[in-house]
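Paired with subunit B in one complex and with subunit C in the other, subunit A is shared by the two complexes that follow.
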Partner chain A sequence: MRPFEYIGCESIEAAVGALDEYAGDARILAGGTDLLLELRRPGTSSPKAIVDISRISSLRGIASVDGTIRIGPLTTHTELSHSAVIRENAGFLAAAAGAIGSPQIRNRGTIGGNIMNAATCADTVPPLVALGARLTLRSGRAERTIGIDGFFQKPYTTVVQDNEVLTSISFAPCAPTARTAFVKLGRRSALSIARLSVAAVLVRDKQGIITEARIVPGAALPVWKRVNEAETMLIGERASSTLFAAAGRKVSDVMVGLTGRRWSTEYKEPVLAVLVRRSLEGCCSE
Partner chain B sequence: MPSQYNIVGTKQRRVDAWGKVTGRAKFAEDYNVAHQLTGRVLRAAYPHARILRIDTSKAERLPGVAAVLTAKDVPGSKVFGIVTQNQYVLAEDVTRYLGDGVALVAAVSRKVADEALTLIKVDYEPLPIVSDPEEAMKPDAPKIHGESNIFVHHKVRKGDINSGFAQADFVIERRFKTQFVEHAYIEPEAVLAEPGEQGGVRITGSIQNLFSSRRSVAAALTIDLNKVQLIQSTLGGSFGGKDEVMTSMCCRAGLLALVTGKPVKMVNTREESMLESYKRHPYALYYRWGAKNDGTIVAMEIRIIADGGAYASMSPFVTWRSVVQATGPYHCENVKTDVYAVYTNNNYTGAMRGFGSPQVNFAIESMMDELAEHVGKDPLEIRVQNCFTRGSVTATGQKLDHTVSLKQVLNEAAAVADFQKKWKAYRSASPAPKKRGIGLACSYRGVSLGAEGTDAAGVIVSVQTDGSVILSSGVTDMGQGAQAQMSHIAAEVLGITMDRIQFLNTNTSRVPDSGPTVASRGTIMGGSAAKKGAEIVRASLLDAGAEMTGVPAGDLSIKNDYLIKSTTGERLASFAELAAECFKQGRPLIGLGWHKSPKTSWDKEGGQGTAYFTFVYGTNIAEVEVDTETGKTDVIDFVSAHEVGQTISRGGVEGQIFGGVAMGVGYGLLEDFEIEDGTPKQLNFDEYLIPTSMDVPPIRTVLVENADPAGPFGAKSIGEPANEIAAPAIVSAIFNATGKRLTEIPASLERVLLGHALNRGGPRGSLQKELPEDTVCKIRPVRNETL
Partner chain C sequence: MLFRVTQESCKQTMKKITIQTSVNSRTHTLEAAPNQTLLDLLRDTLGLTGTKRGCEIGECGACTVLLDGVAVNSCLVLAPQIDGRQITTVEGLANGENLSPLQKAFLDHEAVHCGFCTPGTLLSAKDLLDHNPSPTEHEIRVAISGNLCRCTGYVQIVEAIDEAAQKMRESNE
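Moving on, here comes the complex of A and B:
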């Protein structure tokens, strides 16, 4: 790790000011669970400045206001996984946050950091994409709010400008009849990076007919997205393992179509289909 | 039955517990002195390259740099090694793996030292790399040392395998493969080297085998042994791993300290530790067994190739244990075993908990299960049918004339786990996404060094005039609890409570050379020495008691901290009073216990001998739940039964078993130190995955006690036995669940689901070529085959 300026910020204004000052050569410190590892990795160039936003209290917390749920980006994975608001309105986001790393990492790591780091294995992102979350970014001059589906460009790359800070994550809660599920597969039972994950939402009417479906795989596609090709297969149908398995195969097909056949495809192709099926089944179990 | 012992076999607080739980324990990194410099190592840029020129001038001119040294600055022996001296303190002409040191820097700070490293210019001529041991055996392979890469060939020959196979009803032939494994001690390598007041050097550090490291430092620096003082700091784990890598660090830090005249501190980062340190050997194992339809084994032909990496290290001894134990504890009249160790440009491989047994046990126990399948028996039946009993003759011609507890541990473990019932039920369970399975593995293991070499150890027992006691030993405690074991034994003999005992860390200048602390010999060797040392002091104390009380020494005893009259139990004096009296009478309060092991023997050419003076026996039973759609395997229950002779410290034995099983879960399911073309693929725990507490199942222990005359109070060993059969039990359980047998470990997601591993880097060039499945995995009838 090479020397850098440390700038502790008490306000969003101070943070964006510091980002402007170091124009492109600053990194934001929130929980630090990704950044610190990156900084001490041999051969990586250090930024000139580290802008510590972790003490900006307005960036914390979870609120439900006027039918919108707003999450401060400094909200930790532990807070997220224990939040009654999140558990009620987006159960799979709480589950995804609870599946991250270890208790120590969940106590430090933040949802904002998970999004901004943009690793393909980020656990909270598939549920947020399924929720159609909107992300608010602040710079010295302006504020903008954009949809999460245009946010990521490729692994570890987003549309965020060097002088912008993520200030809010918001989404409309799932319909009361919606059921959600998050399924994660790792090599071990804790402290595990997702080999594959799936976030799913299903809404069924009183007759049991599926009226809405959202499926977002994690660690599978170059950029997260809902797999409409599979979702449309479900609409108007009744839940069944056969149907869900077919949808799973469709998601795998889409993955292979987007990534081509890689070293891991032999494994990921059948297993992603299984995880999609299980996530959909998870939406149907009480 | 009430125990005949007061302390032996009980649970006591460990003598090192207070320091560790309060944070007062000093690990190597905690030692700092005034004016110390930081020592850093420039490592190889290529796994295999000729060093043409090293230019250190720029680095030397950097302000704050005290010394920049290369191989030419090593005044004495430039190489070290316990068996074959071919490991360089600093690479001289050639680098042989990426962990090789090329130059050293000592500077006023880590920052300056690291900058100096970047200023050293090394010109290399890259040489062809060989990373696969079977490739390395070929005549045209690049050579690492001398004319051939094959540097070990151990044999065992018994009977005649041709006539054995001729009697066989069928033959099972398999190829197994195991992986590199990192010790993963939580404390990376560290030392502080200080120039000695009368010349020489004093080195405090995280060192496992202080006496062998000391010999190498003395030879490299041309100093007498009495001026090289190695002091063991409290160790944060070793598992066999802090031998040569620490010798190397000691030589380097010692050299820098002598050249600069200042103390030099060296600490490896985790990445440096993983890059440089040695690993457990990957083995390729070719097993061919001939058997009768009743399950009798009539011939075993075994060929094993061990990847020795860049240096000989402990490979000759590790592979020797493999050759002795390669048949497992099973009767067979006709055996031909060949074990080779081969140089490559990979990390060198050496001692790691198990020492050549985990690899062969995986193969043997898998073969045993296949044999059972073929003759329609269950895994327990086939083992009970074939296993050694008292009087059995091993593959090396050794008659087992001690209590052979194998059937007992098998049956007791099976009863606790309800093995046979579950095995049958799981086997016939209908297909499901999640399937359970139960698997069993057993082993016999030679205790201590065996015919590897001289086996002796010493312990000093020193009673103070207030009745407190100081123990010190050449046997090192690395966290395994050796100090607690020896303290239990001394306390038992002296008739005192454990809290009177303080145990000093090993200091080579203050205790006798007791050989290395390896091979699960801490209790049987160190414990025997502690017993003898304590007996010497006890005799002196009883003589003092006799003079004080007028009661003959033969009628006196010490029990529960009091001198008593044996016949009546009457308390005559407290232990403190007795100690003071003994001092007053001018009698010694100190005893040096020295223990030498019984004789062993080995005929290298004939491949026969009394390999070990006694053996231990163990059985592991694992229960797993396999996700048949993803390959994810969870170990959900575990029974570990071991014959330990006599339990000394109950907490210590159970702790060893829990830790051993946890490491075995890692070996069986997760751990794989991948090296591609001489380059390790993971250098920290983000990618090198060891089990977390969430991956380790509840573990039930079964301790079988059949006291062995060779050990103190009948005790034998547990450290390595606890680790060596967990992985095969898990793989066996996966078969019970899925019907698919893995011949390679770890049982990763991909192997369990697809039957083979996937490599991120694609096919690894000419190296690591996998044989096509059908040429290596087959059961074939003996008919129509030429044997």
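Moving on, here comes the complex of A and C:
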């Protein structure tokens, strides 16, 4: 690993101060499961400073307050996948966190790091997009909260400025009648990087009619988004494999429309459709 | 590996950081370079070479240690981050000449073949049993899913952890 200065921070103020001081030549260290790989990668330049925020206790924890769920960005994937609040109110987010890497990676890796690294395969992001999460960023001078919709610009690129720290992730819990699912396809069952994934939410009324649907594919689109074209096909209908398969084909069509045909399309096009169907079926299974 | 050491020692312009840490219940005050990993600190500074250097990208699990009782890849932790923290390595499992129940079970079940994954796997297993004394086979398999073993096919390892769990439950009764 090339040399750098290490700045251990005990407070958000200290962290944003350090980011200001090193103006663009610092990287934030949270869980380190992505950053340390990057720092070791041959041919990449090292930042002048590593700003370690991992000891800032106010950036930890999961709370449900006044109908909003707030997750501290330093919450690890292990904590997220075991959290009763997350399991009850956004089961697919707990499932996505539990599908990341290995136990060792989940013990260190954080939800904030997963978001800020903005890899297309980031497992927690499709559920967060489906939840319409809001992200709060702090700099030395200001604080702003933005929707996750406008947060990502392209793979590995977000709207975050060099002097900003992610301080909170918040969202409204799913309706009590909502069912969620996260399905992930990797090249193996453990330690796998998502080749494709789908986060889905379905709400059905007492008669079994679908009243709300949210579908967010992962590792499929240039930036994550809900596929409204497929969601609207479901509203007012009854759950069925035929309907879900049609919605899956629609999601694939949207993907091909946005990305064009590339080497992986022949594979991804049918497989994404199946994953969408499975995720929707997952929302209906007891 | 020689190349790596040479490359790092040629440009040490960074300020060293003094850290205090407990490794296997012994307190150490150490000077760590900012870009030194916990793995380097354990092996090169403390001479605890039971922790293995494998992939150094957090995939093989050979470098697994417990950080405040939780399994982590020591190749993905910077040494300055362990200031004030407790580390357990494979050297900390036995009590003198007495092997821990997990170590005994690994020997009894021939779960050690080449042995390179063993230290890391033992610590993943310890994390599991410390938090879940009666794991199912599935839970055992998930717990060691971050430790790659190319020799055993995992069967003996899973059996060993299961037996160690039973023995530890019996001795606690």
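Everything that follows uses one rule, which is that the second predicted complex is superposed on the first by the 286 of 286 C-alpha atoms of A that agree within 3 Å, B and C clash if a C-alpha of one lies under 4 Å from a C-alpha of the other, contacts with A are read in each partner's own complex, and residues count from 1 in each chain.
The criterion applied here is as follows: a contact is a pair of C-beta atoms (placed from the backbone, for glycine too) under 8 Å apart; a residue touches a chain by one contact, two chains touch by 3 or more.
Remember, it's a predicted structure, so these values are computed and weren't measured experimentally.
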Partner touching more residues of subunit A, whether subunit B or subunit C: C
Subunit B versus subunit C as contact partner of A:42, first or second or both or neither: first
Touching partner for A:274 - first (subunit B), second (subunit C), both, neither: first
First, second, both or neither for A:52, with subunit B first and subunit C second: second
Partner chain(s) touched by A:5 [first = subunit B, second = subunit C, both, neither]: second
Touching partner for A:102 - first (subunit B), second (subunit C), both, neither: both
First (subunit B), second (subunit C), both or neither touched by A:141: neither
Touching partner for A:206 - first (subunit B), second (subunit C), both, neither: neither
Contacts of A:187 with subunit B and subunit C, given as first, second, both or neither: first
Partner chain(s) touched by A:264 [first = subunit B, second = subunit C, both, neither]: first
On subunit A, positions contacted by subunit B and by subunit C: 37, 102, 189-191
Subunit A residues within the subunit C interface of the complex: 1-6, 8, 29, 32-33, 36-37, 39-40, 50, 52, 54, 78, 101-105, 107-108, 189-191
Residues of subunit B that touch subunit A when the two form their complex: 271, 629-632, 634, 669-670, 686, 689, 691-695, 748-750, 753-754, 758-762
Residues of subunit C touching subunit A in the complex: 8, 11-15, 17, 33-35, 37, 56-59, 61, 64, 70-73, 75-78, 80-81, 83, 124, 127, 142-143, 145-147
Complex interface listing, subunit A residues touching subunit B: 37, 42, 102, 185, 187-192, 195, 263-264, 266-267, 270-271, 274-275
